[in-house]
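Below are two complexes that have subunit A in common, paired first with subunit B and then with subunit C.
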Partner chain A sequence: MKICAILRTVPDLVEEIEVIDDEIEPFAYIANERDEHAVEEAVILKERYGGSVDVIGIVDEDSEEEIEEPLAMALAKGADRAIKLTMSNKSYRRIEQAKALAEYFKDKDYDLILTGIQGIDAFTGMLGPMLSVYMELPFTGYVTSVEAEDGTVKVQKELGGGLLGEFRVKLPAILGIVSAEKPLRFVPLAKLRQVMKKAEIEEDELEIPEFEGVQVVKYYEPEKPEIVLLEGEPEEVADKLIEAFKEIGVL
Partner chain B sequence: MELESESEMLETYMERLSEIQDGEKYKQCLQCGTCGGSCPYGIVTKFTPRKMILAVRANIIDELLESGAQWLCTSCYSCSFRCPSQIPLTDGIIPAARELSLLEGNPPEELARALMNTARYGNPFKESPKKRDRWVKEVDFEIKTLADGPADVLFIPECFGAYHRRCKEVTKAMAEIFNRLGTDFAILGRDEKCIGDSNRLSGEFGLFEELVEKNIKAMEKNPFSRIVTIDAHAFHSLRSEYPRFGFSKPVLHHSEFLAENLETLKEMFSELEYIVTYHDSCYVGRRNGIYDAPRDVIRAIPGVEFVEMKRIKENALCCGGGGGGVWLDSFIKEFMKERPAEERVREAANTGADILVTSCILDIPMFEDALKMTGLEGQIVVKDICELVLEAIR
Partner chain C sequence: MKDVAVIVEIIESTIQDISYELLGKAKELASQTGGKAVAIAMGNKVDVSSLPCDTVYYIEDDALENFCSLHVKVLSKIVQEVNPKVILAGNTSIGTDLAGHIAVELNIPVASLCNKVSVNENVRATSLAYGGKLLVDLELKERGVILANRGSFTAATEGSPEVKKLSLSDIGIEADNEIEFIDYIKPEEDVDISKFDVLVSVGRGIGGEENIDDAKELAELLGGEISSSRPVVDSEWLPKSRQVGRSGKTVTPNLYLALGISGASEHLEGVKAKNVIAINTDPDAPIFRVSRIGAVIDIFDVIPVLIDKIKEIKD
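This part shows the complex of A and B:
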């Protein structure tokens, strides 16, 4: 099976991010966690059924250095090729990324394209579905495991209300991974550094088209609620809690 | 990139063991079983250290890894302390097996997350390195950083002391004692990374080395004469492991610093009416032979009645938090109904003490959790030795 996993970089929320009107300035970028699960699942499938795994890292000029460690990590885990795709202009919009990727994937003949179900930057869960439209390939999302069966894959996916479902998807196809079948495998730092030293990361450009109609007006953080810690003996805390409830009108 | 074969596994294992001091002593194993009899997990593990050596000799390391025995170790050092052949079990035999698990990519999940967070952020909690010095805002005096100028004492709070809500209280208490004593002290602040002892003992040697390099570099920013730390594992690592990397400053455990300043402190002490027992933390006591300093400090506080637990000094039972153990709770629960910390707080409560004094920062979350699990909460309170001292001088 020829598999491709998409790896996006997103702002690292553990570090500070600066929000300036229509710009979000992160202090650092990190691999999108769901995409790391897509890479993991791709490697699991390769180990089980053979074939190859290409991992493409989508970056812009701000995040292009920070994709190198996650791409090396993918190679250390068992991916065969790592490709850094630099967007011609910075875009978080999935419709723009999907159209560009559809163009990029045209002559690549992947049997399976895996993407994380959601990226924390755009928060739409739409990269997979939109890619499916542009590439005219089947798509299923919220996938938690994949089994290959004669030119198809049987996938288990999460449904609403805690239900699970099994679907058969004809290949080639695009899958949105919510989590890999197994926890993300661990790579010791010495091994990662070793791979980073000799890793050959291919580079390519991703021509991003512009879609008009939606414009950023502003980004902003919601007002933080005031947090008051009630301290003291349990009886004292209970009294203070009752007072607080009365104050906000719940009691 | 998993290790392909058993022979490759054995080769990697042997290579690591050869880099550990006295690693070749495993050949002198008498198979006496003292290690397994001393181990807090000896009764539940399929491979005690003795059997681990046997597994290496028989080239069945895969069976050993499969059993999970390499993770049933709190690095308490009892086995190594008692081993008649002085084999580095805690520093070599076990971490080298753990390293194989890491190379296989499948260590217990919580521990894996802690290690990955430490690699990225310099702490296991997935907290921003910029928040490492936030605790200084919670004290009402100025604390300088080494980057700003030289100091006599470099104070290392380490990760738990810098980020963990309860452990921060210990950090603040120690800082306040320095302040009251007029000690010229500084911290590394945001430049401090995890000192790394748990990473080393978990088999993440590469990460440990990177942390050592970064910390040594941060310590070179300005002169200081010695280190004082409240973290027993940081204490051990800085004192015994960092010198291999070119670090050569004296390192004091805070109980030693308190004992050193006892005459001044005595003049400041007021009476505390407590019955106090003391837990010998593994890396203060058994590992580094510090038994008297904390006892002298406790006994010097007027009003305090000091009582000993059943197992003390080199025979003290571990809290279970060391060597990554603090991240292995749910893994260990699969093997044992009651964790060592629970057994230990029962032992402490049996003395009739109101206060269980500890000297390792990991003891605090481990024992406070154990008090909740055993229903002893309220009967006995856990305090670090510097918290007790601060209470006596307030």
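This part shows the complex of A and C:
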């Protein structure tokens, strides 16, 4: 199977995100967690059925450097090629990214394109279903496992409330991965450094079209409702928690 | 182009709760646009006669009994006929598959992860982006497809709509095999966490499988069970049956003690507790926005002390 996994960077939520009206300036970027699961699933499928895995990292000028480590990580896990695709202009609109990617994927002949479902910055739609319309390929998301079967894949899809559905999807197809079927494998730092030293990351540009149907009016922090904050040393906090448990009636 | 349409979500021939929430909002929006609240339902042998709206387009066929690639084709046809100003769908597994597709196909702007929507000349929506750390107000030109988080709107209960029942042949759509439904899989459950009055819930902050036992002990001492957010299940530190949130269980305990859980919106959708108490080292973690009581402290500093103290009380 010829597989492609899409890897994006998103703001690191542990760090500050500065808000300036209709723009944000994150302090740091990290790999989108669900995309890391898509990469993991791609490598699992390659190990099981053979074939190749290309990982494309989509970045803009601000997050260009931060993609290099996750791309090297993908190579260390078993991906064959890592390609950095820089967007010609910064875009939060998924539809613009989808249209640009569909153009990029033309003639690439992948059997399967895997993307993580709903990154934390997916407030203008989802890449997978949008890409599938432009590429005229089937799509389904919230996928947690993939098995190949004669020109199709059998997938398990989360339907909510713990229920899963099993579906047969005709190839070529695009799948939105929510979790790889196994936990993300651990790559020792020494191995990652080694790969990073000699990794060949190919580079290309992604021509972003314009679609002005949706636009950000403003970003802002949600209101903070009143909360009782328990302060002090662990001992004091524990005492206050016990008081609270008693008041609620669970102790 | 005044109507407000809702994509009704049907799983195992049952209309999902989120659809009633969306219809509640659709009625409110339609009263502002001067249009109708229209439900679009696709299934087989589903009773849609009392859906709370003005009109139901119900497309019934054996082939539509379970979700498959036909649904998106049918939906696209019906939406073109209804030509609504706003389309509301759940920000769910099926909702995102369907709405993301038709938005592009019919060239309608889309906003996802939303908890608010309003209409005037354009459509305005508020999205809970960045794991709930920021809100984004979005403006969608003229029309909009809105994917709403569960629990954002008040559900409407019953109505007596006009039902327009159609078959696949009525709308000229033939069966295909792009995505076929095979079966439902219900994971075996060691425990039903939705039945407990106390849940000690662990997130990524628990750090590793080796620390789960302490949280379990605390849960036992409080007469409850252990639950978790998604990353803990992804790492296989706890089984899937313990997951709270959009893809996991919705829980309604008296006490939800969140340990090292950031509180992303997909997790919070499943937390309907009377009392949320959160412990997290990040003072900006969204979990504190839904908590009654909180402590910004390392869980590993406080859990052992707490366990000892409760044991003392119990002795």
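Quick note on the criterion: the second predicted complex is superposed on the first by the 223 of 251 C-alpha atoms of A that agree within 3 Å, B and C clash if a C-alpha of one lies under 4 Å from a C-alpha of the other, contacts with A are read in each partner's own complex, and residues count from 1 in each chain.
Note that a residue touches a chain if its C-beta (ideal position, glycine included) is under 8 Å from a C-beta of that chain, and two chains touch if they have at least 3 such contacts.
Note that the structure is a prediction, hence the values are computed from the model and not measured.
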Quick check on the superposed pair: does A:225 touch subunit B, subunit C, both, or neither? Answer first, second, both or neither. second
Looking at subunit A, which partner touches more of its residues: subunit C or subunit B? C
For A:183, is the partner it touches subunit B (first), subunit C (second), both, or none of the two (neither)? both
So, does A:142 touch the first partner subunit B, the second partner subunit C, both, or neither? second
Is A:78 touching the first partner subunit B, the second partner subunit C, both, or neither of them? first
In the overlaid three-chain picture, which partner chain does A:14 touch, first (subunit B) or second (subunit C), both, or neither? both
With the two structures laid over each other on chain A, which partner does A:212 touch: subunit B (first), subunit C (second), both, or neither? second
Tell me the contact category for A:163 with respect to subunit B and subunit C: first, second, both or neither. second
Regarding the shared-chain residue A:191, is it in contact with subunit B (first), subunit C (second), both, or neither? first
Which subunit A residues lie in the overlap of the subunit B contact set and the subunit C contact set? 14, 183-184
Residues of subunit B touching subunit A in the complex: 1, 99, 102-103, 105-107, 109, 112, 115-116, 119-121, 126-128, 130, 204-207, 209-210
What does subunit A use to touch subunit B in their complex? 14-16, 30, 76-78, 183-191, 193
Could you list, by residue number, the parts of subunit A that touch subunit C in their complex? 11, 13-14, 17, 19, 24, 33, 37, 94-95, 98, 117-118, 120-126, 128-130, 132-134, 138-142, 154, 156-170, 176, 178-179, 182-184, 212-225, 227-231, 234-235, 237-242, 244-245, 248-251
Tell me, which parts of subunit C touch subunit A in their complex? 11-12, 16, 66-69, 92-94, 96-97, 99-101, 103-105, 107-113, 124, 127-141, 144-145, 147, 177-187, 189, 197-198, 222-224, 230-231, 233-236, 240-241, 243, 246-250, 254-255, 262, 264, 274-275, 277, 282, 286, 288-297, 301-302, 305-306, 309-310, 313
